[in-house]
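Look at the two complexes coming up: subunit A is in both, with subunit B in one and subunit C in the other.
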Partner chain A sequence: MATAITLIEAKTLASSTTLVTFSAIPATYTDLQLLISVKSSAGATASYIGFNSSQASFSGQYLYSNPPTAPVGGTLARYIGSQGSNGFASYTIYIPNYASAKYKPFSVDNTDGNFGSGANLNMTCGLWANTAAINSIEIDANGNNMLQYSTFYLYGISNA
Partner chain B sequence: MTEALTALEICCCGNCAAQGHEKETIRPLTTEEVAQRDANIAAYTAQKAEEEAAATVKAAAKASAEAKLAALGLTAEEIAAL
Partner chain C sequence: MASTYEKIQTSTLSSSTPSVTFTSISGAYTDLVLVGSAQSAGASRDSLGIAVNGSGSGIYSRTYLESSGSGAASSGRQSSQIRIVSDYIMGTTGTADFGTYIWNFMNYSNATTKKTVLFRGNNTQVAGGWNVSSMVYLVDITAAITSLTVATMNGPNLNTGTTFTLYGIKAA
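This part shows the complex of A and B:
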């Protein structure tokens, strides 16, 4: 089989929602990629990821840059970045080997759309220390609503 | 402001009609999800406070170091070049 990227699901929000879940994800791909464009009801808010309806056994590190302030880093489990109400924020989430019986690392790059005069960078890596195959992905905006016209594209990556 | 807290579930099975379930479901957040939301907010608030405190300490140390260098006779340009 040739290397391929397949759109599993695409969703544009018709109304505001607090939590978006992709469930019953087939285990037939090698990796998963989730692309998000989202605006939230809060001026600035964090976003979090969960797998299989679990928030346990996660760890994560981030590097956050808000020019001209020097970048800062830290650790925060499940954290994938930030977003705001003044513009759409972008997220690219990559989850390799999501169906394997190993722990699941993932990476995220995010640029929030909170500031009309600039953009902030979040680079994040995380680990879900669980050997179960990932069959659902949950995205939440720290309890704030993700607004209408926010988009979510879930892709499956198949290796040759 | 009180926002309605809802969850949107999108099924990726690719065969929803045959399996007799909806492709998309909108429901209120569960008690557990609301509790997790509150925990997330607390964790994020604490993390940002920690970042701000660290930045304040760093800025104060930088200002102190620059003042000491200036007292030694370095110009502002020389300090900036370090």
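This part shows the complex of A and C:
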């Protein structure tokens, strides 16, 4: 039986950059999954996502846990989580039906990778209220550099 | 290299339907992943429920962590649940909203241990009222999981365009 998951593209940063882009994403899969390990030059910072070079028509909800403080929620467009002041943050981003003619929801699980004071947890849902197929994904660290050795893996998942 | 992540079954609804059932699930995998995008045919918000092996009795217990809007998140534990329930993570008919879901069924085919399920669900509604949910479920059965039935908890059909895909993960 054919595998249902295929690596579309892997990126390992050879030098710092403020924006990582996956472009020309084929529409041949059902869902997309993006796995990220990243550290920012700014230390603690938020991270954001864009589709098709657009930052418009996004909305989102996050759930943030930073023990011993009680978990809190909030709304923030394009937000996919945070990066800590040390260590590499991890993200799992799932985008179902990315090539459909419907609005595009996405789901994110994130830890900021803080190993000094304890890692924090972010769970996020987002929506891009646009019916265009997603053909590019942009990741940024709120204008800060993402450092060398950060990795970004984009997978296609097929139910065909 | 052998494939470790395979599609088992997929269902895309071309008309509204009371439920989607995956039957005769092979025991050939190590874990199962069920991915869904669903909308209720009803106009009121609803939840999804999964019956394992057709059971609607109180064999499901859970710990949940959820957030909707701003402020404190909610968490808790509940036992004797009648389904694996998503808690109001669902789009409603007449909107562009679809809830998104991922369930992980661990070691589902063994016949000696009770089954655990990890769940992540989201509903990001265009008009607001977003939900983020994470849960762990314990299913009080030792039999292998061979069927999963997904339906709304309050009765309306699953709407046209709803999709569920069941994947199998192999450790060998």
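The working rule: the second predicted complex is superposed on the first by the 152 of 160 C-alpha atoms of A that agree within 3 Å, B and C clash if a C-alpha of one lies under 4 Å from a C-alpha of the other, contacts with A are read in each partner's own complex, and residues count from 1 in each chain.
Criterion: a residue touches a chain if its C-beta (ideal position, glycine included) is under 8 Å from a C-beta of that chain, and two chains touch if they have at least 3 such contacts.
Bear in mind that the values here come from a model prediction, so they are computed numbers and not experimental data.
Student: Following the superposition defined at the top, how do subunit B and subunit C come out on subunit A, clash or fit?
Tutor: With subunit A as the common anchor, subunit B and subunit C both fit in the superposed model.
Student: Identify the partner contact of A:Y94: answer first if only subunit B is touched, second if only subunit C is, both if each is, neither if none is.
Tutor: In the superposition, A:Y94 contacts subunit C only.
Student: Once chain A of both complexes is superposed, is A:N159 in touch with subunit B (first), subunit C (second), both, or neither?
Tutor: In the superposed model, A:N159 contacts subunit C only, not subunit B.
Student: Touch check for A:M123: first (subunit B), second (subunit C), both, or neither?
Tutor: Once the two structures are laid over each other on A, A:M123 reaches subunit C alone.
Student: Would you sort A:Q61 into first (subunit B), second (subunit C), both or neither based on which partner it touches?
Tutor: The second partner, subunit C, only.
Student: Tell me the contact category for A:D31 with respect to subunit B and subunit C: first, second, both or neither.
Tutor: So A:D31 only meets subunit C here.
Student: Using the superposition on chain A described above, determine whether A:G74 touches subunit B (first), subunit C (second), both, or neither.
Tutor: The answer is both, since A:G74 touches subunit B and subunit C.
Student: Pick out the closest CA atoms of subunit B and subunit C after fitting on chain A and give their distance in Å.
Tutor: Nearest C-alpha atoms of the two chains are 7 Å apart.
Student: Indicate the residue numbers of subunit A shared between its subunit B interface and its subunit C interface, in ascending order.
Tutor: Residues 72, 74 of subunit A touch both subunit B and subunit C.
Student: Which residues of subunit B touch subunit A in the complex?
Tutor: 3-14, 24, 26, 29, 33-34, 36-38, 40-41, 43-44, 47, 50-51, 54-55
Student: For the complex, which residues does subunit C have touching subunit A?
Tutor: On the subunit C side, the touching residues are 3-7, 10, 35, 37, 65-73, 75, 96-100, 102, 120, 122-126, 128, 130-132, 134, 161, 163, 165, 167.
Student: Touching subunit B in the complex: which residues of subunit A?
Tutor: It comes out as residues 8-9, 11, 13, 16-26, 41, 46, 48, 55, 64, 69, 72, 74, 76-79, 140, 142-145, 152, 154.
Student: Which residues of subunit A touch subunit C once you look at their complex with the stated criterion?
Tutor: 1-5, 30-31, 59-63, 65, 70-75, 94, 96-97, 102-103, 105-107, 109, 123-127, 129, 157-160
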